[in-house]
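One chain, subunit A, appears in both complexes that follow, with subunit B as partner in the first and subunit C in the second.
So, the complex of A and B:
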């Protein structure tokens, strides 16, 4: 695909309900064929942003472009982006085939062409025999796929999905995640997926936009978001994180010397993931993932070490979670392999490679 | 003692049934009495009364008027009630409570009071007594039921459904015609049948607003003043059977449509593939 016009482009979108800024100056480019997820807690503005793109909610300011066309002022029924709703919103008085064909019919497609398109989509979602059924005669997972097919039928410029798996139980949810991803790959459609479930976001997406309080805090690949969070919010919302308040003592020769937990940690400056770098005297936060901490004190350099009392042990089969209480009173979560932990351990030293931690500038 | 205890409740139940239906049975039987007077015992039987009724021009004319009034008033109350229900559905909280109370209030007014008020009112706006005036009065009386029935159905409708339709390219009119009205159809059907029955059986408003035009209940009443002959019993029986049949059919029809959906939802709740 050599086309460089993004499927969706948002320019400085803002929306407020009274004093509450639901969407706060959001800009975003989504390239064609990309699976992007808007991830954030409920109330962060992700669903409102989606509704704004399809025209069911009007932004106070900003512009929305689809395939390079400004559609900010277009009526909802004239927009080329289609949406899958959380409760599926299937039409109960229409058969599955009529539901799927509705969008095509509205576009003025002929009866024969609509029927053909319907058959194609039922094939795509692997429910070829359900065309004549009514939605209430279907299971939750089937309804979910019908809703997907209905939104895909009019060949939209992009497909927007508003927490579409939220109503399904865990097992079905995981099946549907794979199914959705596979449908996205086969159709080469641009998917904008909204969820508050970070595992769902990580496992399905090419790109993740982490949202908080109406803003996009970080937009990156799932790997980078996990490894290089740019804010405390991103670090703790995506996966588990141990956060240590720190003060910068000095920055020199590609190394930053930080005062953390009463000792000095020397960290390479490329592990500073936010801001324009740090200087002496700045406050910062060090992020360490629970699985980056390993038991024992090796002689290797480029390691930081923590010693504390084990206050809690939780066994998960392949993993064990330890809670370590440091001298400062801070609690640290360690995710380890069970073999690495001796039974009855009370005091413990753990270490982390300085390459595996991230430093976030405060403020 | 034991026997009494076991029989007391069923006995009471059957006594109640008799109390409800015995008068109707007696009435139906009277229609077959070969005499000009209603009295017991019935010594000889005839189907003459039933046959006469079917060729009584006045009765047929009043039935025709009642039918016209029923249809017209039902159409008016649905045409007015539907938008009122839509409007009310968009509100919430106190405003909604106030609106619903306002809409439902006429249903609780004493019928005589509302009939007199309507009689004065139509005089003021220059509307003649007669068919249209009766229909107008009946529409006022049945509109609250239309609003409540439609509102109940609207409350169960996912707002996302209309959003989804718009997203798929339907403008406001198509959303109304293709999505909202079909979704409301069970409620509309119920409201339709209910309004028809309500209008057909109304006496007080028809009496005050009809002038010289007599709906069926008004005609029955005026005949009563000349004495009660078995012909009245016969026609009443025919109407009883017709309206009961209509009511039962309506009830079954609506229930089968609604329950048909609801049960299939719960039955297939979480089965996958």
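So, the complex of A and C:
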């Protein structure tokens, strides 16, 4: 039988600091064993939401349930969730083993059981010989893993991670992303991860909740978030996007006719990714990813075509970014293979399959 | 082609020789040069009197018998070794020092813990605890003298309301005089420690407490496992500083009891003063002074050691 009780459930959580509403009526359901990421820009409320779940901040309204138990009013030390802090918060005067065992000791676990749990976790994070070292003798990546082990030590129902990779350099961060995902799979724990790095979110998560101004704008798999954004914010925050203002001319027979850039684009209605559908006269935004645009004008139907002047080319080795200025003055970003772009190109036409774009209803 | 001319030995004409220049600009000579003004002032106001005191300790200069003045070698030092009053004074100095350190550290730490998270009326709360420090020791002594008065002192008035406790002549009773002085001294000097502890508490990252809280550490466990270890270096520095202050304390003791009753509060500094200006025995007083300097020197060395450990990162978090 499938266990239907979610690991974490948030019901209409709100939190304000004075007039500033940092969490605005957020509801979220996270199933057991899921790696979910709260993704959003600085100040969007993602860290506050995490601190609210762990009990370091109290919501103004709403309910927090862990394993079906309402813990909204419970003190932080009585909640079955643990947290990994951005700066790790390792106790500098304690050894690695003492750090990992601290939570177990506070829970009243015997010294022998604590030592055994430390050994298990040091094996899990693949640092079995570092138990006697102090945090200041560890690298950033090692500290990060120790912080993870410390949070896992009391066997929490869910682990909350507040931008734990933010302080690492790019290479180490990528290694740690794989390591974190691997540990999550092996422990089968529910991980709630907070980051503002969209690549990090996309590469690690089973689910991504994109947050903006205290609200969750979209909760979906990384693939769907990228392919089917439901708002202009999601489209532009997750990956690069070309946004075209549009007006609906007609909707009929599974097609929507849109007036865009002075021409008519016919788009299948299943590419309308937000709202309850569109009707004639509605405003909309068409989202086209830079890599969905290809150079040249084929004879294929179900394509939209754009022609403009190349204003800028940026070479990245395996890719090249072109900036195209359309007659309307709108700039379009194209992500292409270098072979697809002829040297000295001044004017070019690009096209995009209507299946590859998304239409977002305005308002 | 332009060539730069140098003398054959590589020195520019008119400049001091390379070795001397390096010594004065990069070597220890530069440090000495920079320290020289301060060293001159210190030598004048501390060094000279110290040398004078050492010379005096080998003489016998007493205004009671001026004709007997003359060099007597180590006589004063052998007298010191067998002088029960001197060693009694050292013992009282040690008790006074330990009492003031224990009282000041406890009170300052308690006050810092109480006020460092205060947000409303923060300045007022801190000012309250810093106020005693702004009061000169002489005034502190006079105020506490009035408070301790056996007839109309506020302490006895307060004790009147406590059942089975009667008023007391705090400064006249041999059993309580030293204890009463320690309290006055603690009141006067604990703000020094309070400032250090407040700064130390602010430097402890809040995340450590949050992590501990999530791990089920209560208030006492947080204090034991985070606050105390994180403050250990500051505590060490403060203890040694307060030991130095406590050992050389003078005005409060002198004004309140003058070393009495019957020598019960006569610390080494007070004995040194009394020997010089009451017994008029300047040479023996200088000998006692040398002893006080030696003890202070040991404490200062301890302080420097703690500071050196902190500088090399072995002293823990500051």
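Observations
The working rule: the second predicted complex is superposed on the first by the 362 of 363 C-alpha atoms of A that agree within 3 Å, B and C clash if a C-alpha of one lies under 4 Å from a C-alpha of the other, contacts with A are read in each partner's own complex, and residues count from 1 in each chain.
The rule we apply is simple: a contact is a pair of C-beta atoms (placed from the backbone, for glycine too) under 8 Å apart; a residue touches a chain by one contact, two chains touch by 3 or more.
Fair warning: this is a prediction, and the values are worked out from it, not measured in the lab.
Aligning the two structures on subunit A places subunit B and subunit C in a clash. In the superposition on chain A, contact of A:117 is made with neither subunit B nor subunit C.
Of the two partner chains placed by superposition, subunit B and subunit C are both touched by A:107. Of the two partner chains placed by the overlay, only subunit B lies in contact with A:138; subunit C stays clear of it. Once chain A of one complex is fitted onto chain A of the other, the partner contacts of A:56 extend to both subunit B and subunit C. Of the two partner chains, neither subunit B nor subunit C is touched by A:189. In the superposed model, A:169 lies in contact with subunit B only, and not with subunit C. Ranking subunit B and subunit C by residues of subunit A touched puts B first. Shared-chain residue A:85: touches subunit B and subunit C both. Subunit A residues 54-56, 76-79, 82-83, 85, 87, 89, 91-93, 102-103, 106-107, 136, 150, 154 lie at the interface with subunit B in one structure and with subunit C in the other. Only residues 205, 207-208, 210-218, 221, 225-226, 229-230, 232, 313, 316-317 of subunit C touch subunit A when the two sit together in their complex.
Put simply, subunit A touches subunit C in their complex at residues 54-56, 76-79, 82-83, 85, 87, 89, 91-94, 102-103, 106-107, 136, 150, 154. Touching subunit B in their complex are the following residues of subunit A: 54-56, 75-79, 82-83, 85-87, 89-93, 102-103, 106-107, 134, 136-142, 150-151, 154, 169, 172, 175. Touching subunit A in their complex are the following residues of subunit B: 158, 160-161, 163-171, 174, 179, 182-183, 185, 261-262, 264-265, 268-273.
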